[in-house]
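For reference, chains read A, B and C in written order, and residue numbers begin at 1 within each chain.
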Amino acid sequence: MDLGVLAQYIMNGLMLGMMYALVAVGFTLFFGVLDIIKFSHGDVVTVGAFAALATFVSLRSAGIVSSPLLLLVMVTVALVAMAALGMLIARYLVLPLRTAPALNTLLITLMLGTVLRESVRLFYPQGANPKPFPALLPSSSINIGQFNLRLDNAIMLAAGVLVIVGLQFLLNRTKLGLAIRAVAQDEETARTMGINFTAIVLVTFAIGSALAAFAGIMNGLYYNEINFGMGLYLGVIGFAAAIIGGLGSIYGAILGGFLFAALQTIGAVALPFASAYKDVFAFTVIIMFMAWRPTGLIQEKISERV
Amino acid sequence: MAQAGQTSRASLLPGIAALVLATGYLIALLAVEKQPLIIGLLAFGIAAVLAANWFGWLDPVSRSFADREDRLGCFAILAAFVVAVFFREDHFVLLLFVTVLLYVVATLGLNIQFGYAGVLNFAGASFFGIGAYTSAVLNTYTAIPHLLVLLIGGLLAALIGSLLLLPVLRTRGHYAALVTIAFALLLKTFLEVNDVLGGPQGMQVKPMNLFGWSFNDNIHIGSVELSFYFSYFVVSMVLLVGAFILVRRLERSWIGLNLDALRLDETAASCFGLDIARWKITAFLIGNFLIGIAGALFGMVGSFVAPNNYTFADSLILVSILLLGGIGNPWGLVVATFIVVVVPEKLQTIQEYRFLLYSVLVIAVLLFRPEGLLPRPVRSYFPGWRP
Amino acid sequence: MTALLQARGLTRKFGGVVALDRLDLDVVAGEILGLIGPNGSGKTTFFNVVTGIYGAHEGHISFDGADITKASSRAVYHAGISRTFQRSRLSLPLSIFDNIMIGNHKRLNQGLWFNLMRRGDFKREFEANYRAARALVEVFEPQLAERLFEPVAGLPMIDRRRIEICRALISQPKLLLLDEPSAGMTHDETKELMDDILQVREFNKGLTIIIVEHEMGVIERITDRCAVLNFGRKIAEGPYRQVAADRQVQEAYLGVA
């Protein structure tokens, strides 16, 4: 295989990995503060992407044509809207079930995912069909030897890295981040230290959901198409990535996302004749991984008082 | 629930009265075509149940069912036959009725896994689909007798399900949920890209043929003509009664107790000698077997299988039936399946919105009535048994 | 005198914390041994290691002549050790009878065919077990015996403790581990429960009991012998009066150590 194609595969893998990592980080954040899995997280990705698309359509019909401006408004609207949605979900569906069996939270967020997915399908105009997503980033490319680096991909990758670095900064260098980590570490102690538990949970859900919206827009820009079912796939893969890295660990989730994308890319290179089976391969990997290492490469802390 | 000091068995009458009313209501609901009338009938049904609950008329009914379940079960079978005979020429209604019966069988299977053993399975529709595809393939390419095909459908669903056993056994809660969801997505994608199984277009399924009795033809008894679906009704009914008895006996045995014990507290259960893995496997395989058989028969009834009928959303519908009816209560499953399957078929306007509506409904149930419409009573090993 | 349960050099760590530190303990058949010590001294950990919930990092445990150091919880139960839990672990939605039958697992026919198909035989086994459970509950509280098919969820703490003890006793174990049976109960209730336990022992001759307890009144009244743990080590052993007078023990409790 020549170097150009190989580089193309690597680029592709990095893009996938970035999207998976962004989704996985959300799962890990929620698990950190509340010890729950929010199964509707993937569908928040979908709703975020569709919110961005709707913003685009209305701005265009208002006569705005400048791509950078369009993109900026789209990203802002989608991120803010999803942050709000995340807080609403936490406030009205997740927190009220804290005392109920964990199974009920699992079921309720699973059903909520269906509500979001079906709402997009039914209420977005022709939502049942795949929607073209506008290419708003410069599509020119730089040739480096045989490798063709597309500018839009480079920008997205850089933006993704910036987001992750920003998140790291937020969690490790700010008071808010300290509070989130304190709650994740030990809820009771955090409360006695005067941390407003509910507020921290809401903020964490806002951050995680905004990241999901970002991943959704990236997905749209990269494939130039979005559909109502995309979040379900991204959610399952993102959750698997979070498990691979050991639930609760941010670095682990990012690592898991890229690891999974690498596996998928290697699968695509190794089995080019079976490209139709790409998703079958991905989900088989998830199931096999769960059989081999059910609690991830980096063990999740399990403690049970008897 | 058997109360202390209540030594006499409850009367059969309230149970029979409830069955008669329910049968009449069901016939009316299935017969009516005009949309406003259907809405009115549904509103009336809800109001009637609420009123009956308000006046305390439901308690004698549930006592009657608790104590005289064997006898009332026979009456319920009779009631089903009355409904089927009433609609003997109506293909559409009989197909709908058969669909309900087979969904009940599938949710009974899911109930063993999820309701008793607490093993999550969000791929119920996938295993149902495995059964259906089994009959598609075997009826097309082989001459295997169709009763045997049903059996193979169940065994295959159990066998393919056993591939998930290791990850499901080694994990709990959300991890097992992930594994089964991944499997649901995997199977649908696999069926779509696999040309041998017809790809996204699916496959035709040859109708059932039992000992020369072809299920493709209407039945003539003297001058009376019955829809060919009546034959499927009879077979589905036999399957349902068998599955119902199996689930009931399982619950009312030490095995049912084992499953409850491991669901509620694995650590305590293993401190009292329970082999957790053995009973989880037992529950998972029996459950999948029932789901697979129901799917195999459903494939023949529908005469057509396609990946789109066995999606993750359909699996969630099965789980919704379970949660709505009351986890662990087979009678609740029957009621909930009628609601979930029949209402959107009759109310065409909500057909398109059914996944959305049921998700909202289940969220409401989980928030406000987590035990479901008909909560599971405390186990009685023999109905009506008194010390 | 041979030991029924024998622990030698038993060690269990959690991270950097040594919960059990080279513990040696002998329990003689037929005795009631009190296991006492301040909070976090390793009493419950000892129970959890014996019953196979946690593995031991070092040392051995033998029971009735067989090595059970690496035995699973299941195997330990089958060997004849039953326990109760510090925080009541009953299955709340299930009936009293069901909860007690969970403890009788090894004496119930678990065959699939027997349970599903031979319903006549199953009924006979069920009725025999109903009588056994009823007789056992009657020892503790005759009124409770009338309510065997009511869910446990609605019962007060003392009844839940009684049922937990019945669940542990129904299979007629050789060794019973009681983990703080008085937790969450009043003084009078505790006294009542201890009377019941002593009475059960009249039925089940030769039953050996290890009891973890903070109520020293209980320990003084019902134990033949006590072992005192502190920081996972045994610091004293002997009749209650003797260990209570021990200076090291007093220091451990007062935190002077």
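Throughout what follows, a contact is a pair of C-beta atoms (placed from the backbone, for glycine too) under 8 Å apart; a residue touches a chain by one contact, two chains touch by 3 or more.
From a predicted model like this one, the values you see are computed outputs, not experimental measurements.
> By CA centroids, point me to the most central chain in this structure.
So the chain nearest the centre of the shown protein is B.
> If every chain is reduced to the average of its C-alpha atoms, which one ends up farthest from subunit C?
A
> Roughly how many whole angstrom separate the Cα centroids of subunit A and subunit B?
Comparing mean C-alpha positions, subunit B is 36 Å from subunit A.
> Taking each chain's centre as the mean of its CA atoms, how far is subunit B from subunit C in angstrom?
Spacing between the chain centres: roughly 42 Å.
> Using Cα averages as centroids, what's the distance between subunit A and subunit C in whole Å?
The answer is 48 Å.
> Enumerate the residues of subunit A that touch no fewer than two other chains.
Residues 306.
> In subunit B, which residues are in touch with two or more of the other chains?
As it turns out, subunit B has residues touching two or more other chains at 267.
> So which stretches of subunit C touch two or more other chains?
53, 85
> Touching residues of subunit B toward subunit A in the complex: what are they?
Those in contact with subunit A are residues 118, 120, 122, 163-164, 166-167, 170-171, 173-175, 177-179, 181-183, 185-186, 189-190, 193, 267, 312-313, 316, 319-320, 323, 352-353, 355-356, 359-360, 362-363, 366-367, 370.
> Going by the contact rule set out above, which residues of subunit C touch subunit B in the complex?
51, 53, 72-74, 76-78, 82-83, 85, 89, 91-95, 98, 101-103, 105-106, 108-110, 112, 115-116, 119, 122-123, 126, 130, 134, 146-151, 167, 171
> Residues of subunit B touching subunit C in their complex?
1-2, 4-5, 246, 249-250, 253-255, 257-258, 260-261, 264-265, 267-275, 282, 378-382, 387
> Across the complex, what residues on subunit A touch subunit B?
37, 39, 93, 96-97, 100, 102-104, 106-108, 110-112, 114-115, 118-119, 122, 232-233, 236, 239-240, 243, 276-277, 279-280, 283-284, 286-288, 290-291, 294-295, 304, 306
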